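Both complexes below contain subunit A, partnered by subunit B and then by subunit C.
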Partner chain A sequence: MSALTWSNMRSRVRESKIPPVYAILLIVFVSAIVLDAIFGRGQITSGVILTNMVVRSVALGIVAMGQTFVMLAASIDLSVAYLISVTAVMASYLMQGDPARVPLAVAAVFAIGGLVGLINGLIVSKLKVNPFIATLGVGLVLKGILNASFETFVGAVPRSFQTLGYGTLGPIPISILVLLAVTLISAFVLSRTRFGSHLYAVGGSEITSRLSGLRTDRVLILAHVVCSLTAVLTGLFVVSRLRSGAPWVGTDGLYDLESIAAVVVGGTALSGGKGGVIGTLAGVLIFGVLDTMFNQLGVDTFLKQVLRGAIIILAVASYTVRSKEKAA
Partner chain B sequence: MAQISTPAQERSLWDRFIIGLRNIAPIYIVLILLLIGIGTQNPTFLEPAGFLNLLRRAAPLMVLTAGQLFVIVTGGFDLSGGSLMSLTVIGASLLINNDPANTWWAILVLFGIGILVGLLNGVIVSYLNVPSLIATLGMLLALRGAGLYWTGGAPRGYLTDNFRMFGRGWLEPFPVIERFPYAVLVLIVVSAAAIYLFNQTNLGRQLLAVGDNPRASRLAGISVEKLRIIAFVLSAITAVIAGILQGGFGGVNPDAGEGYELQAISAAVLGGAVLLGGRGSMGAAIAGALALEALFTLLNLLGLPKPLRDAVQGLIIIGAVAYAAYRSRRTR
Partner chain C sequence: MANAEEPILEVRSITKRFPGVVALDNVSAQFYPGKVHAVVGENGAGKSTLMKILVGAYIPDEGEILFQGQPIHFSHPREAQEAGISIIYQEFNLLPERTVAQNIFLGREPTRYGLIDQRQLRRRTRDVLKQVGAEDMISPDAEVKSLSIAEQQLVEIAKALSFDSKVLIMDEPTAALATHEVEILTRLIHKLIEQGMAVIFISHRFTEVFDIADTITVLKDGQYVATAPATEVTPSKIITMMVGRELDQYFPRLARPEEIGEVMVQVVNGSNNKLHDINLTLRAGEIVGVAGLQGSGRTELAQALFGVAPFTSGQLTLKGQDSHVKSPNAAIHARMGFVTEDRKAEGIFPNQPLNDNILVSVRALQLVLGRIKRNGTASKPHLVSELVKQVDVRTPSLTQEVQYLSGGNQQKVVLAKWLASTCDIFIFDEPTRGIDVDAKASIHEMIRELTQAGAAVLMISSELPEVIGMSDRIVVMWDGRISGELPAGASEEDIMILATGHREQEAEAAVETAV
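Showing the complex of A and B:
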């Protein structure tokens, strides 16, 4: 039994294909437990707090899965925060507290999301506009239309719809199950379907993929549609918790920049082609653990933001510092 | 290449005019069209006083865009500019503490903070290899939190008149037009310095080279790391200047610079800069920022509600970049 040496363990972890971000998640989680035991109330490992921690990660987690798709294709989506606002407002406006109108509203917001994703994808792939500018522009258009039409909280979601945000299946909140389902489906699509392999190929080298006969435009458009649909799902989750949608719910949550940060912390390269949703899940959970720890320790809200910014940089630096490729 | 072999003398004046027109960055034509549009709605904007007022309002974004372009041509982004502007406004109100005598050293301290932020951005990108999008995003969050932490949530005090002079003051008396805004004076100095650095010095050429091909630049003996750091420091310095102008114009406001970073990136792109580096023109980028502000003014004059102005801005940015992409594909 000489098997349990340090180097042996290291190579085993490497072979298991667990993304290295899980080491960071573990370090962050253990430090949270230690810091909470010393300076806080030592309750961070209690079931209630752990559950809340994950529930708080659900909104960011779902949209971060979609963001992973576009970033694997070497694109980016800055319009998600506005799309989340649009979804939240439109869903509660269309439902008006009436359970019978839920299917219609859900169908409508998914249709809007699909259309926005299609537009993003077409502008990026057919008009060759840099995705940063394209999705920023589409985001501004959504913001403009939304703010011109609605000023504050509108409509309401019926009590039955709040099950998505507050309901439980046995001991487990439904929202956590939704996040897990989205993650597993995404992981399956990325690793087991043709679209998934094409996505990695296009992100790795668009030109090579095109010359090998891939319809790269279609892959890119589909990735944008997937991303927008996850933003819609996040919007539905947010509105089910808030009971009513307001035009600022998406942008106040900083879902655009935070989802990108979570994806990159999770190990997906900004240049595309490398990474995956399992890493993104860890990236999202790191943010969740940090938020919970700061709350338990009673860290000042504003200082929390400073630390968050620093930790995002350090987490990404921990893998990039040794890479030979120079960042831009 | 065949065109070059034709001696210039053989071309008619009209041909030369057309070729010259083609070589002008399209943003200048867009800018002129926008100004004509503004003029038809409200001719006072094209009189010297009205035009100077437009420039004064556009000055913060134009200054910030000049700095942003240094980073963009090296292939990076600086998302921290807007929050550094806000921090400058908040910091000024706290450091000055309502005593005009504190203004001058407070401005020095603010520039010190700015240079430190730029150095940090540059070091994180150059030596820790963190992509600039993430590095400056982290910095954005950190600066936003730091500003609010510094004030304890709500900014206190007001900005003294000698500080606000730069943003809203007028130089009086001034020959011919009676008075001249300080903000435009600052804008002229910053633009001239930026255009000189970008066009006339080795620094400008090397920044472009780094953005175009970092590896080739390194092999040619350029210190890529050092240049990237310089670009981020220049960008941060312009953010502090923009913050001082904006604070003077609008007073203490914790969100003074919010959204400015994305507007500056859009302005640079409208001016023909290519994201991910290697191409850009300083004059055209600054003109892009003025065009963006002129567009806001025009939409305002046309009576469009503020939210719809966002939507139109979005469409125009996409349209302009799509057109530029189409042009570059056609010429290739």
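Showing the complex of A and C:
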């Protein structure tokens, strides 16, 4: 291929709305296929494994959408992992395997999530505590309460509720549809609603936003509520797969740091105001592809973590190089 | 001492290209020791690029740089600094949380037994502060953030002197200074050139260019236009060279009496912790200019009216109604718009598209939940393109990130934002700061068009010609008070008397003698 067409292609991709992270997703995916064909069993492209790959990404994907909201507003939420634990435990504790109690339990955990988001948002916007510390603090409080009340798996979710984690609609797992729905709704809210445009504004410049008449506090609070609600949804999904909730499911899943990493890999600026959930989806899928590939190749768990870390850094570094190119 | 006939620094046929633009095209210039050399030109003329090449921040594509007769190739600004060429940027390169001494000797702290020698650090800092005449004003141990802008500039100059600089480059050194501070700087520059230093500075302010400079070089669109001794050219001639046409009709006409309408804003005895007893009336159809030195409360007045730091006592009436503007949101609901002084930090969202920048305030006025249109509102779906046309923003597209627009175009975007929210009371704080001559004139024109359409305008400016040229009335501030009001066409002297509080001090003195 000549250089001209290559640069043509590059500029065409740049002009389209596809975030650059999809190029990385493509590279990772192609590498996975090649590596699997050489060293593995060459099954990575089979329907079962692909579906599994996406299903594994659902839990992280849902909460990463919410994390995108707060990070676009130049905030961050470290309490999501603890909130996921709280949700998983409270849902299975309240359901006690009884299908009739499902609506009550779901309403309760969403109420808890909304409250946690509200508290996060109020601390960040009104008390002006750095969001890193504020949400870590709230997370630790949640952890303390949870550990004081529960020690191990409690209660159970009824069989009907496991449809969320295991059910299918035709050939497609319901969980994938949930992730897709959350992504599309988030994308719509961000690009087509006032709240979305306010989020980008507040993240882009808090002072300019305030002087342009935005009630920046409300925007920030709402973003935190949205983020907490997605954490609750992830919690519900996790517990529907595990059948019962334990106080460590959220933190063991590393949902806090991984969701942040997925958002950043997806191209959302840590400083806020730039990015979106479509990029985050790719960030999440990159993790999914990597994990599946490592499993297929039988890579050692610790080496797996080293490689994951390195790939996160490489992906984000490639953006800095790109933006430097653009600035020159 | 260097021979004054030989240039200490010279650029020969320098060309610098950036993707899509030739920033400098075959530019040559000589800089002599003991002289002040001003480089002027519109924004984008290539002044900053030239300065950055001189200090090694950019590498030229063609041409050579001679320092003391020898070709030089700096690859890093530090190399230039060590060779004796220092630059002071408009936004200083100082660490606000560190002390003056730590800043000046950053990276070359004197050491003893491998530890920083605090005593020597202070002594050497005091020495260089003495050279800039600031040894009594600035303590080596003061944190930089506690210093005024003028003091920080002195620290930057002291830092340059600590490198034994032979060439000192200053980018817009007077932009943020009050008049008396400019005088101090001018005296210091004269002292430096007497010691044989070559001073190069970039400026938009012609009064100072002609006060300070011995030689003036004009750049235009990256090309060298002319170099002339300051005594042989006039400001209007320089402007002609910069823009390529005469700019005799610089300001739009003033309001006619019949154009001035009802009272839009009235403040009676407005006070807060920065402002005292403000009495102000603003009518539809008029531009009221606000003059005053830095720190006189000009910006605070704008912030009080706009609800950023509201009046805590007194009465504010907007369009005949008692108002309690407690937040910018409330001010915008009353159809007030505020074009702030610090455009980058307070006026625009640099990395966001033009359409979102323009629509942010309209959207802020509506319920947070609701769909948006990309380029307008539900009732006016093409609002953005209409406004872009109306205020003449030069942009390749409506989704262009505004950081890539020029300062003048960014300012037009800010104006379009307030037009979008149908404001009829406008506050402008330094509306043309950092904007080139051409765009300046069109912004002045637009401000006048606002009043002709029935809006009331309060315009704060530290450029006296702008205040005088634009205002139908002039309010002068001093020490958080309005020290006087002058009719259109007042002289600079009249304004300065009020702005320095002379009249008030005289009055107080008179009262004291009477008692």
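Basically, the second predicted complex is superposed on the first by the 316 of 328 C-alpha atoms of A that agree within 3 Å, B and C clash if a C-alpha of one lies under 4 Å from a C-alpha of the other, contacts with A are read in each partner's own complex, and residues count from 1 in each chain.
Definition applied: contacts are C-beta pairs under 8 Å (C-beta built on N, C-alpha and C of every residue); 3 or more make two chains touch, one makes a residue touch a chain.
Please read all numbers here as calculations on a predicted model, not as lab measurements.
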item	value
First (subunit B), second (subunit C), both or neither touched by A:His198	second
Touched partner set for A:Ile123, first subunit B, second subunit C, both or neither	first
Partner chain(s) touched by A:Arg56 [first = subunit B, second = subunit C, both, neither]	neither
First (subunit B), second (subunit C), both or neither touched by A:Ile312	first
Contacts of A:Leu257 with subunit B and subunit C, given as first, second, both or neither	first
Partner chain(s) touched by A:Ile133 [first = subunit B, second = subunit C, both, neither]	first
Comparison of subunit B and subunit C by subunit A residues contacted	B
Residues of subunit A at both interfaces, subunit B in one complex, subunit C in the other	328
Subunit A residues touching subunit C - in the complex, by the definition given at the top	192-198, 200-201, 204-205, 207-215, 218-219, 222, 269, 273-274, 328
Touching residues (chain side subunit C, partner subunit A) in the complex	18-19, 306, 308, 327-329, 331-333, 338, 340, 345-352, 356, 359-361, 363-372, 417, 421
Complex contacts: residues of subunit A adjacent to subunit B	123, 127-130, 132-134, 136-141, 143-148, 257, 260-261, 264, 270, 300-310, 312-313, 316-317, 320-321, 323, 325-328
Touching residues (chain side subunit B, partner subunit A) in the complex	74-77, 79, 124-125, 127-135, 137-149, 153, 211, 214, 224, 262, 265-266, 269, 275-277, 305-315, 317-318, 321-322, 325-326, 329
